[in-house]
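Chain nomenclature is as follows: A, B, C and D, assigned in order of appearance, with residue numbering initiated at 1 for each chain independently.
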Amino acid sequence: MNVSGERTFAAPRATVWQVLNDPASMAKTMPGVESFDIHDDRRWTANVKIPLGLGGLKMKVDMEKIEEREPEFAKLAVKGNGVGAMMNMETSFTLSDAEGGTAMAWSADVKIAGPVGSMGQRVLQPIVNQQVQHVLTALDGEVQEAMGNTG
Amino acid sequence: MTQASETTLAPAPVEVQKGWAGQSVKRKEDKRLLQGEGVFVDDIKRHGMGYLHFVRSPYAHAHITRVDVSAAEAIDGVYGTLTGEEVAALTDPFFQISSVPGANIKDFSLAVGKVRYVGEPVVAVVAETRELARDASELVEVDFEPLAAVVDARTAQDSDTPVLHDDAGGNLMWSGLYSWGDLDAAFAEADRVVKIPELHFHRFNSTPLECDGALVEFNRGVGQWTIHTNNQFPGFAAIMMGPAMKVGLDKLRFVTQDIGGGFGNKITSHPQLVVCCLLARKLNRPVQWTEWRTDFHLSMSHGNERWFQDTEVAVKDDGTLLGFRTKALDDAGAWLRYEPLGGVIWAQVTPGMYRWRHIELDFTQVATNKAPVSPNRGYSRMQHLWFTERVIDIVARELGLDPVEVRKKNYIRAEDMPYETPNGCVYDSGDYAGMLDLALELIDYGAIPAKRAEAEARGKRLGVGIGSTLDSGTNNFGQSRLINPELQFSGNNEVATVKLDIFGEIVVTLGTTPQGQGHETTAAQVVADILNCSVDDVHVRAGHDSYWNSHAGFSGTYASQFAVTGLSAVKGATDMLAAEIKKLAGAVFGGVPPEALELADGGVRIKESPDAFLPFMACGAIVNANNAGLPEDLDVTLNCRYVYRPPFEVPDVETKKGNLTLTYATQIHVAVVEIDPETGAYEIVDYAAVDDCGKRINPQIVEGQVMGATAQAIGAAIHETYEYDEDGNLLTPNFYDYHVPHALDMPPLATGALESPSPFTPLGTKGMGEGGGAGIHAVCAAIQDATGAIVTDSHNPYQRVWRLLHEAQA
Amino acid sequence: MDATVTVNGTTYERDVEPRKLLIHFLRDDLDLTGSHIGCDTGNCGACSVILDGVLVKSCMLLAVQANGANIETVEGLSEDGELTPLQQAFNEHHALQCGYCTPGMLMSATALLRENPSPSEDEIKRGLQGNICRCTGYWNIVEAVKSVAK
Amino acid sequence: MLLREVEYAKPESVAEALELLAANDGARALAGGQTLVNVMKARAASPDMLVDLNGLEELKGIELAGDGTLSIGAMTTYSELMSSAEAKARPILGEVAATIADVQVRNRGTIGGNVCSNDPTNHLPPLMVAVGARMTIVGAGGEREVAAEEFFLGVYLTAVGPGELLTRISIPAGKKDGFAAVTLGAEGTCICNAAASVNGAVRVALGCVDAVPVVLTAESPEEVADAVRAASLMPPSDVHASSEYRIHLAEVLATRAAQEAAGR
């Protein structure tokens, strides 16, 4: 499943880049995050309980930055391991200066396996989109917060 | 007390009196099934049994790097586990039917080192309760290294495509070129060569309502497994399991009673049965396994998905068909469990129902990261017959002729029967043109133009289509040698025993595993006719039990053969019993020859003086409990076992010619569809089905088979499909998206029948039950008629029909 | 948790885990194996029973939800082996083959006929829409129910 | 088929139900169970506790007010809606309920359960939006009313927050409604569906094309197709329909639903 989009942040590129590369703030953008530990600036793990409306989906998410061109491009490999579902995702984002802040073009190739797949694509795709929206909204928050700190 | 006398050659057959055969006797099986007192495998309970749950692969193709069951086994109430590693140590790979390269794959009952389709069993966990077994399975840790998945047979052999089985050196499993007649002469003589680039028969399966299951007990003292199961071909399962488990086949006692539908899908559960056996022995407790619907869809018995590429048809302008050449590419899924037999079984109906004599088919079977294929209703013949019917309709469209006329011009004629096909099969009897006329009459074919106009007025596109199909029954397993010349299988057989008990009760045991075909009833009808008694006096034991010793290598219920092999075995055993009863009575009455005696009113009497009468009860009592004074040489046990063997030869491996099936039932269906052109949604508004199944022992049961197969075909044509995404995830893993039609989906149905007895079988019967594929052919033809576009896929959901409409308009 | 359930006139009292589905409770705990399981998504209807007079699929109910309820299953239709007219009609019309869907079909048809003693063919099909059969193609089942309609 | 361990409680009142839901954020309300139990069977997502709303009479009943407004209890089953005389005041409700799944599901499945689970292929979410329904939600903070188009937030996600319950759905008077769908088999699961209501202008709600119903308005049924195209939908694609085909179906079905509504 390929998902992509653009998003503009009312913040300078450096701030957006700093948030995107800070494992602590990135971990907080994960839906239903319960705990996380940072191995180094390229790898960290989050334990999440993704709120699926009818119940939580527990998952251990390992993130690893596999490519980087500061401050414009980064690519991450995300491996989610849970009993309800396994996720293998590769996502990348490109930052560029835009009127009023920074424009981020992102894309993600999401592979879902396991029991949740048996619920049917028509439910699965919207659920994935919802989680992506959650991350983007949370990212907005993190960026604003980062703005607040430096302001 | 008595040793069954066994002979394989029946005495002179007794003339079957007109009586029970041919009547729609009400089924004996119904009383228990209607009161919820049937015994299906998940109903069986044993003290201390453990429930088995499989840990299944979430990936379509991946190396297994680590398996850790310690967390699962630590749970209180978990009895134990079984891993691929243990299986590889305890058992040998399953015997492979294929020749090289398929012969080289190593198939164990759990994944060893690598997983090859989503849902493949990796670890088995046994626990005290069903729920706990699943909880514990979630604690089994398995690490995978995902690999790219192979999901399209057409690219399976490309150089950059991953290889499933390194032992086979590639994804090619089996290939064979079949060529009969003189292709060059046919194409030279042709007015025109019709080219069809690609046709696709889609992947689906018959989806019996009951999934697989077993309850296995191990008797440690005698090393004997009792396998309560719903496997429908115990003969085949034993041949696979014995060598793998390195035990004699007699150590594997198969017991079935009621089976919730099979349709071929319950032939290849031997891997799961081996896991149950190993765990029953390891844990020294009964092991119960029930497969749930999603597990079944992910892992079991998919139908053969087959592409027909670069087809060329040699035709005359008047519609006469001379011959065709095509390349068949078959997708076997991840393992060869009954395959590549599909690579030859289609050859039972090579020309379909037509008289063309020059045919070439280049067959290739490849492995992909999908669930393994197993026989499905119409196994491999449905795919080929769909192909021949598509060719007829496409040729008719190209020549601007009426599909009815092209069929009638090329059908094999009644007067040609028995008809030998280009590859040496013999169609025994049938009147195809006569059946088509009856079907057209039932659908009121003449009124179609008016109905088309009336539908147009309502904004609907009407289409009518014909689907003619053969139901080849009673395999000659010698055809397996065309797949692998070294195989030592040929012919076919089935066994029955009939005995008179001490009090004269008539008890029949069969070697078959009925799943709804009413064997207890039809067998009783045959016995009652020969013993001239009532069907109510005949007790046929339910199901199969290898301890009854009434089974042989090919015992089971599959491939449309009961009416021939099963009933012929029953007839043979009953003829023997009748002869023995007369021999006994002759001795008791004092030197009365058999011809002077007759069976009637539940006993045997002298024709000329009927009051000299010996009831069956007396016969049973004499032989079993009161046999002093009988003549020394009186060889009578009243417990007769007969093995029926159909008259077959071993096919010629070089020319690939030979008689591969004994009988050919026929079905011709006509479907009328109405399409909503704006959405592509359509429904079948009228349907006719005409069948010719030879002598019908129980007409109502025969018609029930025709209806059931028709409903399955309609489901496959419109809704049922197994499709995978590029990562090898099944997109229709359960009844959410795999829509099985229900009562409201069924069209009105008109049925008709002819009865052309088979000259090759003792009772004139023909194996039948799998010919329903005609529904797929008819719906495809009707959609082509309604849209005007060429239909190239056997599955036509609304979306595809919408596209066909727009293609036709563009 | 406590589950006191009357099934076909007999009252059973059992302690059950909340997660146990009613169909497993009937089949495993009470050994009433007449009702069957044919799917895992609530589509096939082989598990249909009548709960307090209402036709339901027992695979989508927890056993604890049936506490205090009165359940009718296929085993309770006939009195000591005497088939009901509906069961007799199924036998007459060859409305069953493997028999796996039959218990569910009988309960749905029974509920339909109680509510509407003379249903039309379309009403019969709608009454059976929640019951999947893979052997008969439904034609004989509809005929059997039609023959019992007043 | 075999659920995860879960706690179960059967409150005697709505108040008690709210307490149970508030006390445990892993608790979920169990209405008819015709969706929730199946999701739990797949073990894709499982609540920690089920709060069974069956038996709460406060959540039952269908009342027809003088001005024609219908007030329907969240625990009303589809069967009860189909046979309710009051509900005939807005005929589309019973007509659509009659096409949902089968008899067994309609006997247990509830209106509240349907809208709260908000499976993208359900019939009621688009219908509630088209007819302008309003949802009454009760929680620790008291009672509030939410319009249908603000009620649906995502798959299995609605305005009903943790510790809250949907108690009633009120539907304004009206007759000029329509519903059209292309389904898997006769009256099966929807591949695409659309509801419409005419009250001067045409109000359409599309189902199956997004996680939540997509609302459109047009002057007349003839302009509905343009409105759908203008909405630049990005529906999911699955084995039954590609995105492109679903968009086309949405145009056709929205127009048909609008025409049916206008024709009443």
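Throughout what follows, a contact is a pair of C-beta atoms (placed from the backbone, for glycine too) under 8 Å apart; a residue touches a chain by one contact, two chains touch by 3 or more.
Values in this document were obtained by computation on a predicted structure and should not be read as measured data.
Peer 1: Please report the smallest number of touch steps linking subunit A to subunit D.
Peer 2: Graph distance in the chain contact network comes out at 1.
Peer 1: Could you tell me which two chains share the largest number of C-beta contact pairs?
Peer 2: B-C
Peer 1: Calculate how many whole Å lie between the centre of subunit B and the centre of subunit D, each centre taken as the average of the chain's C-alpha atoms.
Peer 2: Result: the chain centres lie 44 Å from each other.
Peer 1: Using CA atom averages as chain centres, what separation in Å is found between subunit A and subunit C?
Peer 2: Once rounded, the distance between the two centres reads 48 Å.
Peer 1: Let me have the rounded angstrom distance from the C-alpha centre of subunit C over to the C-alpha centre of subunit D, please.
Peer 2: Centres of subunit C and subunit D (C-alpha means) sit 28 Å apart.
Peer 1: What is the distance, in whole Å, between the centres of subunit A and subunit B, each centre taken as the mean of its C-alpha atoms?
Peer 2: Comparing mean C-alpha positions, subunit B is 50 Å from subunit A.
Peer 1: Considering subunit B alone, which of its residues make contact with at least two other chains?
Peer 2: Expected reply: 130-131, 138, 292-294, 731, 734, 736-737, 742, 744.
Peer 1: Any chance you could list the residues of subunit D touching two or more other chains?
Peer 2: 1-5, 42-43, 102, 186-187, 238-239
Peer 1: Where in subunit A do residues touch two or more other chains at once?
Peer 2: 83, 118-121
Peer 1: Can you identify all of the chain pairs that touch?
Peer 2: According to the stated criterion, the contacting chain pairs are A-B, A-D, B-C, B-D, C-D.
Peer 1: Would you tell me which residues of subunit C are touching subunit D in their complex?
Peer 2: 1, 17-19, 21, 37, 40-42, 45, 48, 54-57, 59-62, 64-65, 108, 111-112, 126-127, 129-131
Peer 1: Which residues, counting only subunit C, touch subunit B once they are in their complex?
Peer 2: Listed in rising order, the residues of subunit C that touch subunit B are 17, 19-20, 24, 27-28, 31-41, 43-44, 46, 73-75, 77-78, 81, 83, 87, 90-92, 94, 96-103, 106, 124-126, 128-142.
Peer 1: What residues of subunit A sit close enough to touch subunit D in their complex?
Peer 2: 50-57, 83-85, 115-116, 118-123, 125-127, 129-130
Peer 1: Over in the complex, which subunit D residues touch subunit B? Could you list them?
Peer 2: 1-5, 42-43, 102, 182, 184-189, 191, 238-242, 245, 248-249, 252-253
Peer 1: Using the touch definition up top, name the residues of subunit B that touch subunit C in the complex.
Peer 2: 24, 26-27, 29-40, 42-43, 45, 130-131, 206-211, 258-261, 263, 292-294, 515-518, 700-701, 703-704, 707-708, 710-712, 734-736, 740, 742-744, 746, 749
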